[in-house]
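Pasting the structures here.
What follows is a pair of complexes built around chain A, which joins chain B in one and chain C in the other.
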Partner chain A sequence: MLQIALRRIALAPITLFVLVSFTFLMIRLAPGGPFDGERELPPEVIEALNEQFYLDKPLPKQYLNTLKQAITFDFGSSMKHRDRTVREIIREHLPNSIKLGALAISIAICVGLVAGMTAALNANKFGDWGTMLICVIGISLPTFVFGPILQLIFGMKLKWLPIAGFETPNQIILPAITLALPFSARIARLARTGFLEVLKEDYVMSAKARGSSMARILIQHVLPAAVRPVVSYLGPAIAGIVTGSLVVEMIFLIPGLGREFVEGALNRDYPLIMGTTFVYGSFIICSNLTADLLNRWLDPQSRGAEE
Partner chain B sequence: MSKPILKINNFSLAYQNLGQSFPALKNISLEIASGEKVALVGPSGCGKSTLAKMLMGLIQQQIKTDGQILWNSEDLTKFSQRRWQEVRGKEIAMIFQDPLTSLTPHIQVGKTLTESLKVHNLLGNESRINKAVTLLEEVQIPKADQRAKQYPFEFSGGMRQRVMIGSAISCKPQLLIADEPSTALDVITQEHILSLLREVADHATEHAMILITHDLAIVDGLCDRVIVMEQGEIVEDRATKELIRDPQADTTKQLLAAVPSLNTPIFPKEMAKDAPSLLKVENINLIYQSSSGLFKKRTESTHAVKDVSFDVKKGEILGLVGQSGSGKSSLLRAILQLKPATSGHIFLDGKDIMGLTGEDLRQTRQTMQLVFQDPQASLNERMTIGDAIAEPLLNFKVCSKEEAKERSREMLKQVALDPNWYYRYPHQLSGGQRQRVCIAKALILKPQILLCDEPVSALDVHVQDEILKLLEELRETYGLTMIFITHDLTVVRRIADRIMIMKTGEIVETLGAKEFLEKATHPYSKQLIHAIPQIEVEINKDGN
Partner chain C sequence: MIHKALLSICYLTACVSTALAERPQWEQDLLPEDDDWKKTEQVFRFNNGTEPESLDIHLATDSASIRLLLSLYEGLTVLDPLSLSPQPGLAASWEVSDDQKTWTFKLRAGLKWSDGSTITAKDFTYAWQRALTPATGCSYANMLFFIENAEAFFKGDLPFDKVGVKAINDQELQIKLKGPTPYLLDILSFPTFFPLNRKVDRSDVAWSKKNHISNGPFILKDWKVRARMTLIPNPHYRDREIVKLKEIHVLPLDNMNTAYQMFLKGELDWLPTIPQARFEEVQRHPDYYVAPYFGTYFIRFNVEQPPFDDVKVRQALAYGTNKKQITGEILRGGQFPVGNFCPKIPAIGYEAPAGLPYDLNKAKQLIAASKYGPGKVPMPNVSYLYNTSEAHKIVAEALTQQWKEKFGISMIAQNMEWKVFLKEMKNLNFQVCRSSWIGDYGDPSTFYDIFLSYSGNNRTGWANKEYDKLAEKASQESNTQKRLNYFKRMEVILTQEDCPILPIYRYVSQGMITEDVFGLEMNFRNLVYLKYIWLEKE
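Right after this comes the complex of A and B.
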């Protein structure tokens, strides 16, 4: 187990290296440059800018520079907002995104597991159909529809929660729910299948025969085996929440990193694209790795195994 | 006689499904006194497991019941969920059939073992590990203190069943139900588990036990009384000795006759010394390698087949016997080149087939066909059985589609199935019928040699008998050569001409089937013979 963990962690930098190289290539291949604005700049200004941002150097040199920036996590200043470094932008916006994402994934896991378990215990009865219907709606309803609906109901009509902004703690609730909805629906479906599968196992019956209560059976005997498909999904889900936060950030006017990510791409702001991609990439790698290791750990047989 | 703890009065039970009613138990009446050891015997589907599950409140399906089951003068058909939780594990405990799936894989064995005590508040947290160790020692598992912290996958089937027994007796229940506790185990392990149960039963004289089984041979010496069931009804209920000596009901007689015996006369074919060998295996070794290690490569190797040599004559049936893990399946794989041997030679009809690759190997496989153990798993659920049988003909482009169909129908007839079943799907067939389809599928290419890997182990005694008869008939018709792998000595003795005993990758003894019982000298062979449960009766020769 430890060996596998070490080996996988050792692989992470390689993945990041590939990611950085690929991003570098994509940026340069995309048409347009950072200073192709509507208003044409005088050639000497562009020249000065190019020099400042290393763009006058041959590509291999630029590439090496980017690699160096990635290793030191110093991508220089943004090309659009030249007074701020990429590091500053990330430091300012990432915590907001993390707060939102962490709350959303927690909601998604809790709601998803409970819903999935309820559905499985009421298999093919009303409780099951009802839950699964809500899940289908949850998966198919786009965030930009669900978000405004919540704003309308809880913000405008009931006036329980603020519509937008990110200054007070209660402003995070609506966006977190919006962001969590499709993920909790998917988790619920996976959990339902997982629970149904495990509830059929012989060991559940023999636990029952020992006099265990239903709650004990569910938590001790069923849950660790039933959540495995959910855990496998958590890697991609966290990635999805991190990148998917963009729309929610727009709707609820949250100064998060998602917005910077998209704006960076639209503005051809090379250092900003590199920086945000690097951060997102590390996040996704870490969450996948954690999910993988957690899944292995849940199965005692692979916990001891070395391969 | 002491007072009855369990009293069943005119109890009937029917499963309800989509408005239809399927009766499973009809007018059952019986009493069990404390301390009594009773066997509940019957063919599969007779309702014995339903009754056992009813006694534990473990039936999940919709049911309709009639009559009473009095547990210490309380009607347990009216128990609440809470009352059931009190009863289960503490007053009535159960041992299940399949030890491999009955232990929660992600919970330490020690915890499972003491769960009953824990949920019935008979034990504090601090003494749990100690109690687990004591229980493990009680069921005779060595190194109990280390074992308690291990997980089920580190235990063999027999040891897991010991754990189940330990868990069931932990609260000293008044009634212990053992549902086919040894059926899923091989002979030697079965013997060990039964002797443990016997010990448990002797130890707890005041506790009653119900042993559910289809094998009357294991009842003797363990239970004082036998209840025979057939189609949901009790057909006979008498003391064990009496019942074995003088069975009344037809079901009982059939069950007694089905007990595999070492005394039945057999008629193996004697092969001429100079008869040509069809398959000759010379010094086969098979080593599995697995490597591990992060920085330093460590290689672990398992020597699964060690220097094995034997030959099979044309028309002969060679029985290969060994426990699970003895390497018999590995040997089979090596012969079929599914997992090529590490060294050695295999001659088929005089031709060395070791190291053949690609098309040559594929053509060779046509002459060697395999029948697997589990007929449930070895047929494609989405293919009609007729098409499944015809498939090999089309794979090897032996004939046209129409002719393949025709031959497949012919083959169905050969294995005693209705040719009109061509368009049936596997799920419409019973286990025995599926195995017939598998045999038909293996025979349609007219192979020179048929390799059977435990073909009857997953079937009950009665069906086992039918399949063995079929194989015997087919052998006559086709002059089949066969290698028959099994862990069951009674089965192999019946069908094989020669018996080869395998242990930890080596052939320890090879003898003719006829002389096997008397002449076996290797201690392991003797142990195998000894482990077979036998009914000991003084048979009344005059038939009175």
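Right after this comes the complex of A and C.
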């Protein structure tokens, strides 16, 4: 187990290196440059800016410079917002994304597990169909529709919560729910399958026969085994939540990193693209790694095999 | 309450006034009649539409930044928001030489920066030198080229002391121009011409956020990027009494739907833009307003590519495009169809010739007479380029349909991401494409200059010697009427004779404002001076 963990951790920097190189290449292949605009800049200004941002150097030199920036995590200033450095943008916006993402993933896990369990315990009965129907809606309803619906109901009609913003604690609720919806629906479906399988296992049956209470059976025997498919889904889910927060950030005026990531790409803001890709890349690698290790740990078979 | 633009033609009279009692008439018209407003909490909240690119006066190019800079700073002149005629700002008065090439501005006495230090003429020369230094990366640097030797300094050919701007002493600034520049007083009110405090260390890129010393009616209190910006009155502003707002909250929402919900809930007082998808609903709301805007939506022809290499085809399309259908039936957003490129500029009395009328017969005759007429070269297929956006798409579809029906031109509309679109346009890698232009200052040259043969903004492959010569003549002409006639002739060449472009419609600014807001005057250049605003609940 430890060996596997160490091997995977050692691989992480190599993955990041490949990611940085690939991103460097892709953004330079993309047509249009950072200083193209509706209004043509004077050539002297473009020249000065190219020099300032190292774009007047040959590509290999630019590449080495980018690698150096990645290692030192200093990508210089943004090309679009030239009075802000990429590091500053990440420092200001990443915590907001993490705050929102963490709450969303917690909601998704809690709601998803409870819904999945309810469905499994009422298999092929009304409770099951009802829950699964809601799940299908949850998966297929896009955030740009669900978000405004929540705004309308809780912001406009009931006036319980603010419509947008990220300055007071109650402003995080609606965006977190919006962001969590599709993930909780997917988790519910995975959990339902997991629970159904485990409920049929012999050891659960015998526990039932021994007269253990249902709650005890669920917590002690069923839950650890049934959440395994959910745990393997968590890696991609966290990545999806973090990178997929763009629409939610726009609807609810949240100063998160998703916006910077996408706008960086649209504006051909090379330093910002590198910085945000690097952060997201590290994040995804870490969450995949954690989910993978957790899954191995939860699986007695693979744990036993390693030991 | 809808504040309609009142566009009166009144030309400049340099009146000097500092004390409230001597306030000039144009400014008195912008003041509340009584003190009732004091009963209302003076906190104004509006949506700025996006995060401003920068609050560095030399880096800002977008309207979100410029809107704020106009209230954080003040230049030598300001514009009367109603008539848009230039009025004294930091300058108390000015003198001009007979050849109109040397201007001497005298600053008001006791002007201070927001940190309490004195504003001197040197703050202007410092700022303009910075603007003209390529390493600053000022997108508008060429706007200063009407100053003597400014271009030579910019290109590195002359030192700055040869440039025609000089601080004679702390109070007097002298500007020498290449030629008479009738729009000088207007353009001096634009952010690129504002002064900068020399004490601020601008080697730290974040200076405009952390250490923002300004000289306008408001100062930056707090800037939470992509969340909220807070402005408060500048205690050292020269006319502190006129500032009635206690606090301004600026939100950078680009999701117009959310902004609209917040407005309806009473969390915002002003929306300068509306959600187009809900236009019908917004239009019925009593707080909705629409005002003309200083911009034109047009299409560019690539005159090097068939079939647009034949001027008759371009003219035919100018005659044969039903713009009324596009604005009235398709866009329905208050825009109005136009045949000319440059909008009216009432402050100087300019009205461009109307352009070619809609005349289908004439259009068909022209196509028949062109080299792509019946029995001649077959009409090639055409591709229409536009940057991805729903509004551009529906215009593209309408044009495709019209041209197919009327002239049998088969056109494919092709959308591209913004930066790719710009690259294709710049490299003349298109046949016909959508375009737009918003004027920067109150003179026709802000529109016509982009189609000079040597302009980087031309992007049509079109060049006309007479057109270039007229621009040159206009830049040297001191007689206003003669000058405006040159521009009228340029307009005729551009939109009636050579037709490298086809104007479609004039932009409008549409927004919503609550009835508690006063002093926010909508003018056609969309220039808002927040210092005149006050709130008053009935």
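Basically, the second predicted complex is superposed on the first by the 302 of 307 C-alpha atoms of A that agree within 3 Å, B and C clash if a C-alpha of one lies under 4 Å from a C-alpha of the other, contacts with A are read in each partner's own complex, and residues count from 1 in each chain.
By our rule, contacts are C-beta pairs under 8 Å (C-beta built on N, C-alpha and C of every residue); 3 or more make two chains touch, one makes a residue touch a chain.
Since we're looking at a predicted model, the values are computed, not measured.
Following the overlay on chain A, a side-by-side fit with no clash is recorded for the pair chain B and chain C. With both structures placed on the common chain, the touch criterion links A:D83 to chain C but leaves chain B unconnected. Shared-chain residue A:R268: touches chain C; no touch with chain B. Set against each other, chain B and chain C differ in how many residues of chain A they touch, and the higher count belongs to C.
Of the two partner chains, chain B is the only one that A:A225 touches; chain C does not reach it. For the combined model, the angle formed at the CA centre of chain A by lines to the CA centres of chain B and chain C equals 160 degrees after rounding to the nearest 10.
By the document's definition of touching, of the two partners only chain C reaches A:F252; chain B does not. Contact with chain B, but none with chain C, is seen for A:D202 once the two complexes are overlaid on the shared chain. Note on the superposed arrangement: chain B and chain C approach each other to a least C-alpha distance of 47 Å.
On chain B, the positions that touch chain A within their shared complex are 56, 58, 81, 85-90, 93-94, 96, 98, 101-107, 115-116, 119-120, 151, 153, 164, 167, 290, 292-294.
Contact residues of chain A toward chain B in the complex are 3, 6-7, 201-203, 205-214, 216, 220-221, 224-225, 298-301, 306-307. Residue ranges on chain C touching chain A, taken from their complex, read 51, 53-56, 59, 61, 134-139, 141-142, 154-156, 205-209, 224-228, 251-255, 257-258, 261-262, 264-265, 267, 417-424, 426, 436, 455-457. By the touch rule above, chain A contacts chain C in their complex via residues 30-33, 36-45, 47-49, 51-52, 77, 80-85, 88-89, 92-93, 148, 151-152, 155-156, 159, 162-167, 250-255, 259, 266-268.
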